[in-house]
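Order as written gives the chain letters A, B, C and D; numbering starts at 1 within each chain.
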Amino acid sequence: MKDDKSDTGWRRKLHEVIYGTHTPAGKLFDILLLVLILYSIIVVMLESVPRFDTKYHEFLNISEWVVTILFSIEYILRVICINKPRKYIFSFFGIVDLLSTIPKYLSYFLVGSQYLTAFRALRLLRVFRILKLVRFVGESNNLVRALKASRTKIFVFVFFVLVISVLLGTLMYLIEGPEHGFNSIPHSVYWTIVTLTTVGYGDISPETALGQFLATLIMIIGYGIIAVPTGIVSAEYASAQNKAKDLDEGRSCPNCSAEIYRSDADFCRKCGYDITDEA
Amino acid sequence: MKDDKSDTGWRRKLHEVIYGTHTPAGKLFDILLLVLILYSIIVVMLESVPRFDTKYHEFLNISEWVVTILFSIEYILRVICINKPRKYIFSFFGIVDLLSTIPKYLSYFLVGSQYLTAFRALRLLRVFRILKLVRFVGESNNLVRALKASRTKIFVFVFFVLVISVLLGTLMYLIEGPEHGFNSIPHSVYWTIVTLTTVGYGDISPETALGQFLATLIMIIGYGIIAVPTGIVSAEYASAQNKAKDLDEGRSCPNCSAEIYRSDADFCRKCGYDITDEA
Amino acid sequence: MKDDKSDTGWRRKLHEVIYGTHTPAGKLFDILLLVLILYSIIVVMLESVPRFDTKYHEFLNISEWVVTILFSIEYILRVICINKPRKYIFSFFGIVDLLSTIPKYLSYFLVGSQYLTAFRALRLLRVFRILKLVRFVGESNNLVRALKASRTKIFVFVFFVLVISVLLGTLMYLIEGPEHGFNSIPHSVYWTIVTLTTVGYGDISPETALGQFLATLIMIIGYGIIAVPTGIVSAEYASAQNKAKDLDEGRSCPNCSAEIYRSDADFCRKCGYDITDEA
Amino acid sequence: MKDDKSDTGWRRKLHEVIYGTHTPAGKLFDILLLVLILYSIIVVMLESVPRFDTKYHEFLNISEWVVTILFSIEYILRVICINKPRKYIFSFFGIVDLLSTIPKYLSYFLVGSQYLTAFRALRLLRVFRILKLVRFVGESNNLVRALKASRTKIFVFVFFVLVISVLLGTLMYLIEGPEHGFNSIPHSVYWTIVTLTTVGYGDISPETALGQFLATLIMIIGYGIIAVPTGIVSAEYASAQNKAKDLDEGRSCPNCSAEIYRSDADFCRKCGYDITDEA
């Protein structure tokens, strides 16, 4: 019994430091973790730049190992100090945390696997857990609600865009053909999406008059089409905002039945009746 | 009489499978059809890729024929089992269904016609008929209404953009001229639209200082102009959403059948009939 | 007196045909005019395409002259048959109409001036005068109102964008320098605007790591900045729409003081009171 | 005493001319200053164009010196005639004003420092101080409020975009590799942002089928993502507009000084005080 309790003692304390963000130690841990994540991402990036890699190969490699071991320790501690380890292990961050340690170990067996460490970038999303303290979550809740409400509509929209791209891409392939760089239908569909989304690399561009005319059409369609997701998100966001505001609307004065516009009102603005009595 | 009835029997059953989406057999049929459509599109695409075509030409060709024959059978069954075949044949999907079978037959006579099979992509829109079951149509009805309401305005907008493009394109032709790639006025108008829609291939780009200055102007105009369709769709969509909320699910007065706009109404606003009795 | 009257007779008739859009003759005139304008624009465009010009030079030149003479006659008739010729001559369309006839005459003296005939494109805006009959003006009045309300804000916005572009352009010039294609500050500012507006020709692109980092920053700024004009137009358009709707809002039932939501209401929706008596 | 008073006399007058915009002299000063700023920017720009610099080097250099001396005098006068010089010196415009004079002096010691004079562009923002007279500030206050309200959300959004860019950039590096121009992960992340923001230079573009498929995905994500900041700004701007309408020009209760939100209010909503007496 006593053993178990003391165990819960250091486990609870560890839990507070690792998962908590309210104690000074918890904050410090989170900030150190973020710095370490950022550092590890920069190391992976620099490793891929030939100029840096040849110069500082040893240093970058050791850095990588230090970070990997620290991440491994952190992962083990997270699993130990939580009450329901299974829930953490299969959560989004649990999987991301594991994936950010594995690649370096795998690099002994598989060439290229160490680059997967860049998926550590996902760990940066932890920043929101810390900044939660301030006001971020409240701020972005409306946004999240709006994006969720827009989800199906945007999926329908993307589906339409893809169907249109296949059609127009095929047409462009028939008009321009392989001799102007439209090598195949998939390649031509790729070009259509590049044009429709107004990216426009210019690695392929129509050369016949008819092709340029169709390209013009595609651009104008793309210009109109871009309005759709924006319109959806705008409207949904405004609606999520209003809904949050409306929560205590619909109230009206019990004396003169005028609408009450502010949730903090104590008196009716039209007849001066004391509303607080009613609540 | 009996003959006719049994005929109606299998026709009704077939109709249920092919057009219906509520029975398990109907759902299975629709899903198989979607898979077949997707498969046929991939086959047509791969046929256009030289690397694949030389390697698997025989297999792709046979696949094409199998799909075409299956589509032909489906088309004939659709015509047979429906009560008003003419209505189906001349409907949007009727024409699309026919067009997705013809090209392969035509390919014996006309070179290139088999690529038209990519128009089968349009058949993918059938996906909405099946997902209708869930909640898609309700979701996108507001969107459709908003797009319809925006139609004329967006047409006016596109017309303005075209007039501006002709003007600016001509100016650019005069400034840059054929020696910098602006070969002719139509070509120059094409470039203007590429710039105005922020696609920017870079196959042609201004080289004189004056041309670059005008290009800068065109870009900033394009930047401002893109706000217009987006603004229209946003506002129309928000308005369609509000109308849907206000309309109280299509309630109408039982006395004069006028629409009832507010869910808190007790009397019809057109004839003064007491609606509360009905609810 | 009699002379004057008969003169007014044919002048009034001519006025009805040329300026009016309600009589069959007036409609026919407008449609013929539009066809002629479109034809003249196509002729000018084809003239600039070397392939067409060498082949059909004679035909295109004669077409040009015919159109120019017809436009000249039209211009003279417009001046004659209107009561206040000065008002027409100095109006937007008066100037455009004159400018679309002059260049061909000038082409005898000045090389290149005939291309100015492409300004005839502006005459296409006349299409709105005819379609006014239907419902266009009503449709786009809200749009026009929204654009007018957005004008100053968008000017402020464009000004800010220009100031930012000069700053960032200078920075890029210092970072990349002439050896990477950033030949001068104005050229570098041009590149900044190309990037900020997401056009991205690719005729110049940063090659140093620092330059690419700054370019990334500029793109993300541009991505955020594009939200501003769109947001303005969206909000203004929605507000113009609401204002149009609100015109007869603010009305309330004289019996129970409930708000009246539809301008076509005859009875109060809350108490059934006959509102028409009051109006 | 008298000395001090006369000193305050010319200082007050100078202050009125330099900082004021209401007197004719104050307006003239501001306009001359703007012209001078514009002129100095043009001079710096032309200096960087080799063609101009070799031709008019002497003239441009003298212009630069004249402008710098005039700016220095203006800066000194601004410091002298204001009551709290420290407040001005450390204000935004104070620092900008100083920074626009220093570089030319530094150019004797440091090569390239004279280009920093282009930061004079920031001085152009003074234009808003003058136009304030008209109606600009009122116009853009809603905009400023909307942008402030959107700040945190847009920061969250940019952060997400960066995390996604690192992930997708790493993937593209693994798929395409240095042999197709994706030299390193940072370079690849740069490309991802170029694509995601729909800029699309085309200096690097995917060449493998898988790379082009992923690029297509990135573009469509970018297309959807662009809707987010626009939606935020639209909604916030509309909300700022409504708040401005509701706020009834800053009216507040004379009894408890609570804000009065509706222009039709007769009683304070917080203390029940009868506001109509005051109006």
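Keep this in mind: contacts are C-beta pairs under 8 Å (C-beta built on N, C-alpha and C of every residue); 3 or more make two chains touch, one makes a residue touch a chain.
Bear in mind that the values here come from a model prediction, so they are computed numbers and not experimental data.
Compared on C-beta pairs in contact, A-C and B-C come out with B-C as the pair having more.
Residue numbering at the chain A/chain B interface overlaps only partly, since under half of the positions present are found in both copies. For the pair chain B and chain C, the distance between C-alpha centroids works out to 28 Å. Centre-to-centre separation of chain A and chain C, using mean CA positions: 40 Å. Contact of a single residue of chain A with at least two other chains is seen at positions 186-187, 198-202, 226, 230-232, 234, 238. On the chain A side of its complex with chain D, the touching residues are 41, 44-45, 48-50, 112, 115-116, 118-119, 121-122, 124-125, 127-128, 135-136, 139-140, 143, 146-147, 154, 158, 161, 186-187, 190, 193-194, 197-203, 226, 229-230, 232-234, 236-238, 241, 260-262, 264-272, 274. Residues 152-153, 156-157, 159, 163, 166-167, 170, 173-174, 178, 183-187, 189, 195, 198-202, 205, 209, 212-213, 215-216, 219-220, 222-224, 226-228, 230-232, 234-235, 238-239 of chain C are the ones that touch chain D when the two sit in their complex. If you check the complex, the residues on chain D that touch chain B are 198-202, 230-231, 234.
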